[in-house]
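Two complexes, one shared chain (chain A), two partners (chain B, chain C).
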Partner chain A sequence: MPSYTPPIADTRFVLDQVLGIDRYANLPGFAAASPDIVQAVLEEGGRFCAEVVFPTNQSGDHEGCTRHDDGSVTTPAGFKEAYKQFAEAGWMGLGAPEQYGGQAMPHVVSTAFEEYLISSNMAFGMYPGLTHGAIAAFLAVGSDAQKALYLPKMIAGEWTGTMNLTEPQCGTDLGLIKTKAELAADGTYKVTGTKIFISAGEHDLSDNIIHLVLAKIPGGPEGTKGISLFIVPKFTLDSDGNPGARNAVSCGSIEEKMGIHANSTCVMNYDGATGYLIGEENRGLAAMFIMMNAARLGVGLQGLGIGEVAYQNAVAYAKDRRQGRALTGPAEPDQKADTLFVHPDVRRMLMECKASLEAGRALMLWGALQVDLSHHAADEAERQAADDMLSLLTPVIKGYLTDLGYEIATKAQQVFGGHGYIREYGMEQYVRDARIAMIYEGTNGVQAMDLVGRKLPRHGGKAAMALFGLISADIAGAKDGRQAELAGKLEKALGELQAGMMWLMQNGMKDPNNAGAAAYPLMTMMGIVSLGWMWLKMARAAQAQIDAGEGDRGFLDAKLVTARFFAERILPDVGALRRKLEGGAEAVMALPVEAF
Partner chain B sequence: MKVLVPVKRVIDYNVKPRVKMDGTGVDLANVKMSMNPFDEIAVEEAIRLREKGAATEVVVVSIGPAKAQETLRTALAMGADRAILVTTDDAVEPLAVAKILKAIADEEQPGLVILGKQAIDDDSNQTGQMLAALMGRPQGTFASKVEVEGDSVTVTREVDGGLETVKLAIPAIVTTDLRLNEPRYASLPNIMKAKSKPLANKTPTDYGVDTTPRIETVKVSEPPKRVAGIKVADVDELVAKLKAMGVAA
Partner chain C sequence: MPSYTPPIADTRFVLDQVLGIDRYANLPGFAAASPDIVQAVLEEGGRFCAEVVFPTNQSGDHEGCTRHDDGSVTTPAGFKEAYKQFAEAGWMGLGAPEQYGGQAMPHVVSTAFEEYLISSNMAFGMYPGLTHGAIAAFLAVGSDAQKALYLPKMIAGEWTGTMNLTEPQCGTDLGLIKTKAELAADGTYKVTGTKIFISAGEHDLSDNIIHLVLAKIPGGPEGTKGISLFIVPKFTLDSDGNPGARNAVSCGSIEEKMGIHANSTCVMNYDGATGYLIGEENRGLAAMFIMMNAARLGVGLQGLGIGEVAYQNAVAYAKDRRQGRALTGPAEPDQKADTLFVHPDVRRMLMECKASLEAGRALMLWGALQVDLSHHAADEAERQAADDMLSLLTPVIKGYLTDLGYEIATKAQQVFGGHGYIREYGMEQYVRDARIAMIYEGTNGVQAMDLVGRKLPRHGGKAAMALFGLISADIAGAKDGRQAELAGKLEKALGELQAGMMWLMQNGMKDPNNAGAAAYPLMTMMGIVSLGWMWLKMARAAQAQIDAGEGDRGFLDAKLVTARFFAERILPDVGALRRKLEGGAEAVMALPVEAF
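Here is the complex of A and B:
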């Protein structure tokens, strides 16, 4: 049976020592986020996740969701009770506006909590996760009346939300949407069509489900320019705002999937269902992208969350399991064998996991802080800078962190040897659950194309230049100190990344396939350099604490050792990726289709 | 009726304690600390009494280092109304704690004082009993059920032979056992509210109590490592071994 302990000390180290969130105490939400409150929130929230949600993870995976003949769906045993406790304890409202019943904590704090929820049970966490996405869309484009009607219930966790984009004939290419919304005499719309892969589309956890549905109003522009967004509640609301008549939306079937069994993935049929336009007509895709961007960061967090819990279990197993002897001679001669920890290759796997996870958490929380700054920073320039940085790194956080999440889950599984392949040990579930994060919310290939095609060239590459400026400044600041070696290695990797980008700019225009073939290695390079940057920040923060005689010495020393490992064993990959990228599209595209 | 609940900040029950190299005590540097689990049960019981209408106010008190404030905030987040922190860096012993609590009870005049039966760090199991003696009031220790009716409280006690039920006149002292209740998780709104609930800062001197330790710890050591057992072939060999060890005649 797996176990899980929320990594609160690591989270706090990033929040307090690396990001220094106390510097933002003047911004809305941050004043309430004093260290003692953040500690209390993370402690109690983490305890709730580990003690109430985590026990439903393995059983939920085994049982899965069940669709009944009447179209209703039940979640696995224990989910309803755990969700009820989750909602009643107010966790849904952690980062939501006070005006609608939330606690208005900074996004960086709610993100830290959500990591614990995902590690405890990713499939469970998706029900509130999708609701968060829907809340973000209401806040961004909803009318005041719509916000007042729906948000308090969603923030209280009484109603959940979904996002409906995909149809059988269109996934990545939303211009092909067929679902139509016809204006009725009373100003509402009749929504008709079929949506697939709708996470949390139907279940028994909440009193109502608020579907946000992309559809076309007949007669509108062709392609993505004619898409609008509609609110389609499972139960339309009565005059008091309570769930009333059953709407003409139903779950046709649920998918049998590789992982996240406990989350219902539904085919949703809309048969003239009553819908309400949210946001402007034909501007639905823009509204949906607000949800998508938030969701992509959330998916990156899933990579981190699953990686963390898998890693924790691999560490526990490696400490306990005795096989063979250390290459240098028995480490514990009084035992029949040494623990797995003496074997350099097991160490390699565990260190790769640890070095990626801790920097991944720092990058994730740094990204979440940019979300806060993009909304609440004091002046417009600062808000814009945070927004540019966030939009540049969103595909990297989604793409690279979910690649890592899967890689870490398989490495953690590998540490278990044969037992990793046995269901009872729980490791194969993490491998299966982690896999989807690389696929949904835009496959990682799509993320790489978004980075290369849209985010890097935006405003003449301003955001990338700004990011490199920040990294260079940290390198310069560390050059003479005790982290000089790490800074030097990061500088080299940054140079390789910049050279790779230069090659892309020069050769991508000549042949667009060069850009397409370079996209993935470039995304990975940016991911590695970003994590290296986070390690430089963490190592400097740890050193500063050591020098000041503060903190837990063992914890801080471990940061320095892990930073060195990252610099020596992971950063060099950037050079190899650059050479791969500079090979161009020729070798990728040369083989004729018939030869496959 | 007011309920007074003393809570102690102790090493977290999940942490495996390490003895200091010099054998003077348990190493608490950078170790996770939490509310004593028996005290958590006491806080929960007091809040339930208030929710049932049997109590009107729950006051929590902690005696210990400044960081015990976190423990009090935890109790406030669970739902206690206000807190008193008596700061001292001395290792607090049951008698000194009982004297301070007596002074606080004289000021606050609670109908019930509910304490954990013991703290998991020193396992003394004395404070509640000493407090009852100092106050000259009845005590119901190791409670697995507490019912307040008018000016008396009925306490079901977990004793060696089973359950014993006692009826005490209020004011009374109750100490909690494990099965009394299951403490709640603090809700998020209550965690946020806890920060603004009143917390009074006091010192032992305010209550005229000297907390200088009266007990000298001679030595703290790890429990001996268990050595492997021996397999015996049959009952005769077992008996022979027991005889040889001098535990059977």
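Here is the complex of A and C:
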């Protein structure tokens, strides 16, 4: 049976030593996020996740969700009770505005908590996760009345939310949406259509489900310019704002999936359901993208969260399982065999996981800090800079961290040998669960295209130049110090990335397919260089603590070794990716379709 | 619902144009393998796989195997009938000796057929697959009486076979085996112990199941030197050689697994079961390795077979699904959207699959030809050379092709977007099925250690030098021709591989952990260079046909484009792997266990 321990020390190291969140005490939310409070939140939140949520993970996967003939859906045993505790303890509102009953902790802190929640049970975490997305949409484009009506209940966890985009004929290409919303005499809309792959679409955890639905108002512009966003509650609200009449929206079926069995993935049928326009008419896609960007960071976090728990279990197994002898001679001659830890190739797998996870956590929290700064930084230029940086790296965080999550879960499973393939050990669930994160909220290929097609060229490439400037400054600051070797290797990788981007700029103009064919390698290069940058920051922070005689020496020394491992064993991929990218689109596109 | 078409044209291209099997017409078996016969075997075999076996694949995964209270196991609906047809049509004995009722086709031809069988239903293919392994062991170490008693029934498919190695406390480390075999008065043995992960251990397909079981004879040497191999039939044979009394071996449970649900993976309990020593006492491991090497090639073939069928379905989906527009402007303006095929990143994924699969098939069949030559080549030196080459590349074929199989299945699933995650579309099954091939018959990490620890150093590295000689000769032969660019890129990659190996020789001596930490990168480098070598052979063969005005021009042109893609988009990884390898063991091994 798997186990899980929230990596609080590592989270704290990133928050305090790498990001230095105490520097932002003047900003809203941060004042309340003193080290003591953060420690208490992480400890209490971590305990809740490990003790209340984690025990539902494996059983939830085995049992899955059940749809009944009346369209209702039951979540697995234990989910309802765990969710009730989750809501009552206030975890839903950890990062939400005080105005609507939230605790207004910085996003960087609530993100740390959400990692623990995902590690404990990713399918469970999706119910609040989708609600967070819906809350973000209300905050961004809802009217004051709409906010007042819905947000307190959602932030209290009494109601949950969903995002309804996909239809059978359209996933990525939302211009193909057919769901229509017809204006009624009372100013509401009648929403009619079928949405598929709706996570948390129907379940028994909350008193109401607030669907946010993309639909077209008849007579509007063609394609994506004619899409609006609607609030469609499962129960429309009575005059007191409480769940009233059952709306004409129902779950037609739930999907049988590879993983995340405990999350109900629904086909939702809208049969003239009452809907309320949220945001401007025909500007639904822009509103949805607000949810989507928040959701994409959340999906990147799923890669990290599943990777972490899978890795922890591989470490435990490698400590326990005895098989073979060290190449350098028996490590424990009195035992019949040594532990798996003596084998360099087992170590290689565990170090690859560790090196990616710790830097992934730093990048994730760095990204979450940009969310805080983009909202709350003191001056507009700072807010804009944070927003630019976040926009640029959102597809990288989503795409690269979820690729890593799957790779790490697969490696952790590999450490178990045959036992990794057996359900009872729980490792194969992590692989199945991690897999979806590469697909939903825009496949990772779509993320790569978002990066090269939208994010990089925006404002003449300003954000990328700013990012490179930050990385270069850290390299320059480290080049004469004890992290000079790491800095030198990162500088080389950064140079490859910049050269790849230069190639892209020069050749993407000539033939847009060159940009398309370069997209995935470029996203991966940016992911690796970003993690390398985080390692440089972490190694410098660890060294500074060591020099000052502070902190846990074993923990800090491990950072330095793991940084070196990253530089030696992961950074080299950047050079290979550059060469692939510079291969261009010709061989990619040359074959006629019938030759496949 | 997935579909499958046996890639006969591609198989024939490899057999005829690349390997030129007509050159071996003087060898046993090959005389009967004229192009017409081979075509008939592949067509008829392919038809059987696609029409009879393939329809049981998805239903078999959903239904799985069922163990009943009496220990009997029922395979999924349709399996029994399909297996009956399989046996009656003689497919079990395709490559088996005529002496025992087989058809004595060359191994290179039966391997081609087995690829189709795996693509059609990997779990089904394991029942005959394990039997092939058992047949190989009987042929290698069985007495004439044992061969006469068992082989005709197994080759006819009336009886199936199993391999029993693993126990709860020992997987890779077979020295830890506890199962014991005590000599009885009648010269038989009483076998007692528990074996786990026994594929096809109990089922309803055949009249008898012949278990080959590793066990220790009490009083023998410690560790692996005291292991013997035993025949333990489910039903001991009566005086006519027919199944008689039920033996004291039973299936205690079947495992719930990530995939291959339709293969019964059993815990087998031996309670003083009657066993017969096969081969020499205490030489069981050597006998088992004969099965194992055959089985490892078979597992490599699983990587190829699952990759192929997953890829075919991704191609079909990409042709059919319309989403978005080509970057260069609408390809089909009269349609609401273009097909996925217009998107460079979708093409990239499909080309990566195609480039690896076609070269993987060539490498697989090249390996199978070495099996034939190692048995049947005219002179001893040739036989030895083929055996050396095969031994060297067996861990690479197993390890690298199964890594690829999983990667390809994952990419093919990715092409489907959200639909790839839904069971009904069948793609997630391919990922789950492909996953086991990286684990069983020795994890891929064990393959890598076999490569660097045993295969490379054998006879002072003779086999590797011979392999490099062959590759270099092909490069030299191509350098002035139209494949000069491909040859040049392969030469560079070969140079990186040789440098990596040199580093290993120099540093593995100093610290064996350097060899352990280098093992996986080296195996992958050898895999990539081997596939690159196959691409050079295929490109030259295609060019020769084009120049001669022979063959299907579209097919041959596609080979040249795909070869170029491989050189531009896959070969560059070799350089990065060299750099990783040369990082050595220090950062891999430096952390104390408690730092993980």
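Following the convention adopted for this analysis, the second predicted complex is superposed on the first by the 596 of 596 C-alpha atoms of A that agree within 3 Å, B and C clash if a C-alpha of one lies under 4 Å from a C-alpha of the other, contacts with A are read in each partner's own complex, and residues count from 1 in each chain.
The rule is short, and it goes like this: contacts are C-beta pairs under 8 Å (C-beta built on N, C-alpha and C of every residue); 3 or more make two chains touch, one makes a residue touch a chain.
Predicted model, so just to flag it, every value in this text is computed and none were measured.
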{"item": "First (chain B), second (chain C), both or neither touched by A:A40", "value": "first"}
{"item": "Touching partner for A:A32 - first (chain B), second (chain C), both, neither", "value": "first"}
{"item": "Touched partner set for A:R435, first chain B, second chain C, both or neither", "value": "second"}
{"item": "Touched partner set for A:D379, first chain B, second chain C, both or neither", "value": "neither"}
{"item": "Touched partner set for A:R569, first chain B, second chain C, both or neither", "value": "second"}
{"item": "Which superposed partner A:A89 touches (first chain B, second chain C, both, neither)", "value": "first"}
{"item": "Partner chain in contact with A:E222 - chain B first, chain C second, else both or neither", "value": "neither"}
{"item": "A:D144 touches, of chain B and chain C: first, second, both or neither?", "value": "neither"}
{"item": "Shared chain A surface residues [contacts with chain B and with chain C]", "value": "554-555"}
{"item": "In the complex, chain C residues that touch chain A", "value": "166, 170-173, 175-176, 196-197, 255-259, 315, 318-319, 322-324, 327-328, 336-337, 339, 341, 343-351, 354, 406, 410, 413-414, 417-418, 420-424, 428, 431-432, 435-436, 438-440, 443-445, 448-449, 511-513, 515-517, 519-520, 554-555, 557-558, 561-562, 564-565, 568-569, 572-573, 575-577, 579-580, 583-585, 587-596"}
{"item": "Chain A-touching residues of chain B, taken from the complex the two chains share", "value": "29-30, 70, 73-74, 77, 185-189, 191-192, 194-195"}
{"item": "Contacting residues of chain A [partner chain B, same complex]", "value": "32, 34, 36-37, 39-41, 44-45, 47-48, 51-52, 85, 88-91, 93-94, 103, 551-552, 554-555"}
